[in-house]
Amino acid sequence: MAEEIVFKKFTEWLAEDIPFWDLTSELIPPHVSCEAVVMAKEDGVSACCEDIAPILEKMGFEVKILKKKGEEFKAGEHIMQIKGNMRKLLGIERLLLNILSQAFGIATLTKKFIEKARKINPNVKIAATRKVKPGFQLFEKRAIAAVGGDTHRLNLSDMILIKENHLKYFGSVKEAVRKAKEATSFSRKIEVEVSSAEEAVEAAEAGADIIMLDNCTLDKVRKAIETLEQKGLRSKVLVEVSGGIKLENLEDYVKTGVDIISSGELTHSAKIIDISLEVTEVKK
Amino acid sequence: MAEEIVFKKFTEWLAEDIPFWDLTSELIPPHVSCEAVVMAKEDGVSACCEDIAPILEKMGFEVKILKKKGEEFKAGEHIMQIKGNMRKLLGIERLLLNILSQAFGIATLTKKFIEKARKINPNVKIAATRKVKPGFQLFEKRAIAAVGGDTHRLNLSDMILIKENHLKYFGSVKEAVRKAKEATSFSRKIEVEVSSAEEAVEAAEAGADIIMLDNCTLDKVRKAIETLEQKGLRSKVLVEVSGGIKLENLEDYVKTGVDIISSGELTHSAKIIDISLEVTEVKK
Amino acid sequence: MAEEIVFKKFTEWLAEDIPFWDLTSELIPPHVSCEAVVMAKEDGVSACCEDIAPILEKMGFEVKILKKKGEEFKAGEHIMQIKGNMRKLLGIERLLLNILSQAFGIATLTKKFIEKARKINPNVKIAATRKVKPGFQLFEKRAIAAVGGDTHRLNLSDMILIKENHLKYFGSVKEAVRKAKEATSFSRKIEVEVSSAEEAVEAAEAGADIIMLDNCTLDKVRKAIETLEQKGLRSKVLVEVSGGIKLENLEDYVKTGVDIISSGELTHSAKIIDISLEVTEVKK
Amino acid sequence: MAEEIVFKKFTEWLAEDIPFWDLTSELIPPHVSCEAVVMAKEDGVSACCEDIAPILEKMGFEVKILKKKGEEFKAGEHIMQIKGNMRKLLGIERLLLNILSQAFGIATLTKKFIEKARKINPNVKIAATRKVKPGFQLFEKRAIAAVGGDTHRLNLSDMILIKENHLKYFGSVKEAVRKAKEATSFSRKIEVEVSSAEEAVEAAEAGADIIMLDNCTLDKVRKAIETLEQKGLRSKVLVEVSGGIKLENLEDYVKTGVDIISSGELTHSAKIIDISLEVTEVKK
Amino acid sequence: MAEEIVFKKFTEWLAEDIPFWDLTSELIPPHVSCEAVVMAKEDGVSACCEDIAPILEKMGFEVKILKKKGEEFKAGEHIMQIKGNMRKLLGIERLLLNILSQAFGIATLTKKFIEKARKINPNVKIAATRKVKPGFQLFEKRAIAAVGGDTHRLNLSDMILIKENHLKYFGSVKEAVRKAKEATSFSRKIEVEVSSAEEAVEAAEAGADIIMLDNCTLDKVRKAIETLEQKGLRSKVLVEVSGGIKLENLEDYVKTGVDIISSGELTHSAKIIDISLEVTEVKK
Amino acid sequence: MAEEIVFKKFTEWLAEDIPFWDLTSELIPPHVSCEAVVMAKEDGVSACCEDIAPILEKMGFEVKILKKKGEEFKAGEHIMQIKGNMRKLLGIERLLLNILSQAFGIATLTKKFIEKARKINPNVKIAATRKVKPGFQLFEKRAIAAVGGDTHRLNLSDMILIKENHLKYFGSVKEAVRKAKEATSFSRKIEVEVSSAEEAVEAAEAGADIIMLDNCTLDKVRKAIETLEQKGLRSKVLVEVSGGIKLENLEDYVKTGVDIISSGELTHSAKIIDISLEVTEVKK
């Protein structure tokens, strides 16, 4: 990410948190500096420190990343060292921790998904969805990518994804895909949500690049894949399943032979990883 | 919340989601309109619909709120009705659902906390923390308030809260509170984190308004309250406990007789409530 | 495009043009209204009126579009009618004309490209590039699409396009494509710039979705396509040519059998279409 | 230009081009640096490098300007050298080139106008108009000034310019100028569009500072100047001609003896100067 | 002023005043509406109500202006009536009053200056300076203009004003004016600060449009004007005095025969006019 | 204050003052640097230099603060030294002086209030109000704090303050306070405006933290305090007086024994302190 853009976002968030000034931290005189660490209070996986460090440096801090993106850490371990103005550091402490604890949470859960899935199919992709926190997706998608997850669509302008509500207008998968192919740049892929083997075939024949089996039972997923194979269409499309997939039932879905498993869980329900900022030395 | 301010935030989030245009929804002709409902896919509690409805109205939609803030809903029930331009509605669908599903999740969990706690002590306050999603706290704090939760600090400029890292500079609770009282407006309350009965007494004697027992065992909490009572200081301060409090151990903490229980769980780990937008009628 | 987003951009541009107030138009009393037309002063093709009209309506004007997107107009014809406050209309006159005259210019040139190219190959795509005016690409890409042109990449986050400068790091097309496939979401296409038939084969074999022959002679283009066919790779990739393609030499490139022809000319060198705002009636 | 302001604009444009991250350039590891040059692919005139260099420096690049503002360059020559992070440089490459190629295009065309005009009248001013690209006028006006062109009005708050549409309200040039003089600060000049010798006299007598002969034939222009001279008014006003003036007919207009020749061509139809960024060395 | 621009500023100021929500006004239920008046608590002159009313209307209020710009009001009189949502109105009350009380203050003082000065010389201009409140000059300059004051420069891009600090570089008035005339658009006026009759002559001879006698004694001013007359230069320039001019000594300066009197007092030291918002009826 | 936030505000203000470029200062070549001082032209008290200095440093200037916040200076004394690019310094000169002269004005007046009041009661608090300049309150509240004044409420989200207009809805002080206590976070204080001794008692009994006697005569204030004492409520509440308090009548109000005296005068009517920027050396 361009650090200028991240800096702008960080500063806007900071302004929301410090509309006037940090009443408490300004009790500390301006010349006091300190050393601190971002410490894990539970096990997890690192992400986004590389995106945040340049921002901290721009603000005058000295930063050392101890756990690189994708790297695991244990409770008690140090993830990042920060040196600099104490008043200023305590003013950004919570914002910093809020960003990282969310990013670590997403990275940790995504890594679990990937490891579990790849034991069965090393090529399956674990993908996020657009079920993100408004304004924060930049970091959420970044955390997904940090551990080898697939970001999926980043926004509504980068891919065609025809969903059930769109189909209510078009009436049929075939018509929707036809219209999409006609109207859309060659630079975009076209994906369509289907809910049966028949629709999957219809989509593949109409030229969709990706077929999403949304909220389908395992049986339906198997049936769809089988039918695509029988019709010689399997290699022409990517097959994605989505809807209600969690760590518990993940393996069953991988075994169906789909190419991509996407789950809103990765972002909207990843528990944060508990971390804290510990000041280790105060220099008055 | 001033709707002009919410509108600005909503529009900025929308611009992040639609940097150019919604490639898929623009496949639908501009004159098509539709009716739709926000439908619950699991049980939960409503929040923030009242804040979002004026935004949708400004965008030209007709909106009817079926579940008011604080009201419970069951899976399958309709929460909000929306009529208007179909292309436009599908373009904001995910953003709308992302906001509401998070707000509902927070409201649902907070309500559980409150109900459980108030059975034991009807006056205890269940409060949020500043462990929020960057840029989204406006809605998170609003969802907390919607069900009678306590927002606690909204930002770093509205209250003094002396935490452990600040104390590392001051050396003692007494000195920190003294400095805070001297430097702070009469319009602000002063809270300080303590970790023992002794420090609690020190804080109360120094004139803190609120004492936060952070990450303390139940025993320590009881001891602190007891000591404050013995010294005749209990009525002069509010006592807050925080750190690791979940639904499971909530009752034990309420029984200690504290005034306020705050928990980061309410915001950072509330599972979203699954909802969807269902188009119920298309008018070509 | 979401009209809220266009409104924000329009307002920011207006603020740059009216930092205080429009000294001249405020000489006219506030209650005066008028009727006006956007009139063509030369032949051209309409575009973006549908995006601008809702903005004008939000500002209180009554608007009627007389020439829809993609429609041709002759010098002297009226393209849009606008009724409303005179002072206000004259204050936005130049900004409005600047947007539309650029959009019309791009639409007009793009339509010429498309018509000429499709006489030879009705399936060939005429595509824009990222050679746009900073901050204005929203309208430029929109004008391209208005006449059936292909927008190509909208920004750097929506597709992989490995260019010559990137290849200087990777050393080979093969290595670059391999790395891209490994790192990129399934939702994205991968395109790579090549400069010879050999590299084209290398790219196709490595799994690129699109091959761009950049600044190649007609001979080289023919050679590349022929070689891809011989190797049985032609149907696996889209072939794009770019670099120095203008109306004059367009047909020769179409004849080579490429899938896509992209040209920076469409945006960076489209002559504007001369239009004016004529007040037709003043109501004092 | 205040570099802080240009930096803000540049960052906003960059954010539009990199809403998430530059998918392609991030394939290159973060530690790789490079050296590059901005190279001319056709002859032209430099402009705005002095405004952009501080921005690049703020972003961590080392920059050397080889062709100063107003200086001519030949195809193949280097205009600017840039050293720094490769990933980052490729991320801003297109934005940088889009800005400079437009600026160079405007500077090049303006210089041709000036040189041609000054052979006949060394004091005549060649001026731009407000026919700019929305949001980009900062650089367009700067490029005009870089080669000695006249920026003319920068926005609607810095000068009175009564145009034909305004006159439709006032009824007469005289009345419009009278009203303007009464309402306007002494710090502003007053210009009025006229279309005949009679109106020119009316404007001068009413106290206009500048008279614009808009879309007038050469005969009309000569007539107007002659009449102003006969009435002893020529020295009291500046005379500007505008409308349809191009390089081809420029000399004829200069010969009429006007003070200022303004042309929308300079901005809205200046062909860009083709330039590229060539990475000359990669440091892994 | 374009109401879209004022609305943006108003909304940003409101967001600073209501970062979350108006804790007090939200105690009132959302359906309650009210009628209110902006009431004068001391005598003054109205200004800027016409700029604010459309903003209030956009926010859903019904507004009636009772005292138009430039009109005088007495203590106790009503200036504006507002009907609408009570919660919302109390949320903007202070912001609204802060804007208007400053605008009225400036208008009131400026009118006093003008009336006093015009008794002696009906053509003298009373002008503001750039000594404004950061971010608020839009309204300050507007209030000046509302009563017939002269706004003077609005910003640093709309006029040349060579001040003492600039002269320290150029060494002489003559050299500075020469350089300015060479570098500046014909559309701008050139003013220069001088401190003696000799410099005034130097400036006029060099071609300055306006001469500012800054911080000069009455004698010096008289001397300068006399010398300009003797040299036949008086009619070629406007003469402005500035520095330390207050209501008390205003007449003396007018009598010197200068064209313009500018004073920072008008903006930086105008006492606000005390006004209040009185709710006259509550509709539950 | 977080310097990133102040920098953003400063840059936005600068952009309003330099929409294109500083026409006058750019007459000076870019390489010229200078030394300058901010000099007092009248006696006053320093404030906010510490907030501005980091901004100037970020812009490349070398800065030395000679008069720290709260320190008094005499006419002729130097307050700050600045070295750096001359063109750039003159471009920000007026903005810098506008900020500081306002801040100094507020600090100077506030200090006078405090000194006068503390001679009588060393514990009385002198507080500001929300009668600020829109967008500028950050600096106004900072200047208040710089000399030991009390900022009072910073915005509408940080405290409950029930005013007369709110009471028109609630009907009684008691009901309003009751509702506020029920709806408001424990982290907030509750203040209520009253206009008689009876209401003061009602407020104290209902549990208000602070009672504001608004626009009361001295007699009424004395009466209210006396009654509170008689009822044993005086120690439970803070008592604030507000409305029409000026330096002249300040002592009388202090003598009544109130805790807090707040006055809009401190911000809305503080005369600026006249300062100038004097370039002391030019380095060509």
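So that you can tell them apart, the chains are marked A, B, C, D, E and F in the order they are listed, and the count of residues begins at 1 in each.
Operating definition for what follows: a contact is a pair of C-beta atoms (placed from the backbone, for glycine too) under 8 Å apart; a residue touches a chain by one contact, two chains touch by 3 or more.
The structure displayed is predicted, hence computed values, not measured ones.
Annotation, chain E versus chain F: rotation angle of 180 degrees from the Cα superposition, expressed as a multiple of 5. Chain centres here are Cα averages; for chain A and chain F they lie 44 Å apart. Chain geometry summary: the mean Cα position of chain A and that of chain C are 31 Å apart.
We define each chain's centre as the mean of its Cα atoms; on that basis chain A and chain B are separated by 23 Å. Shown for chain E are the residues in touch with two or more other chains, namely 16, 18-22, 91, 151, 154-155, 157-159, 188.
If you draw each protein chain as a dot and join the dots that touch, every dot ends up joined to every other dot. Remark: chain C residues 11, 14-15, 18-22, 30, 59, 88, 91-92 touch chain E in the complex. Partner chain F is touched in their complex by these residues of chain C: 16, 19.
Considering their complex, residues 1-2, 4-5, 8, 50, 138, 141-142, 151, 154-155 of chain C touch chain B.
By the touch criterion stated above, chain F contacts chain B in their complex at residues 125, 127, 150-154, 157-159, 185-189, 191, 210, 238, 259-260. Looking at the complex, you find that chain A touches chain B at residues 9, 12-13, 16-28, 32, 34, 36, 86, 90-91, 93-95, 97-99, 101-102, 130-137, 155-163, 165-166, 168-170, 176, 179-180, 183-184, 188, 268-269, 271-272, 277-279, 282, 284.
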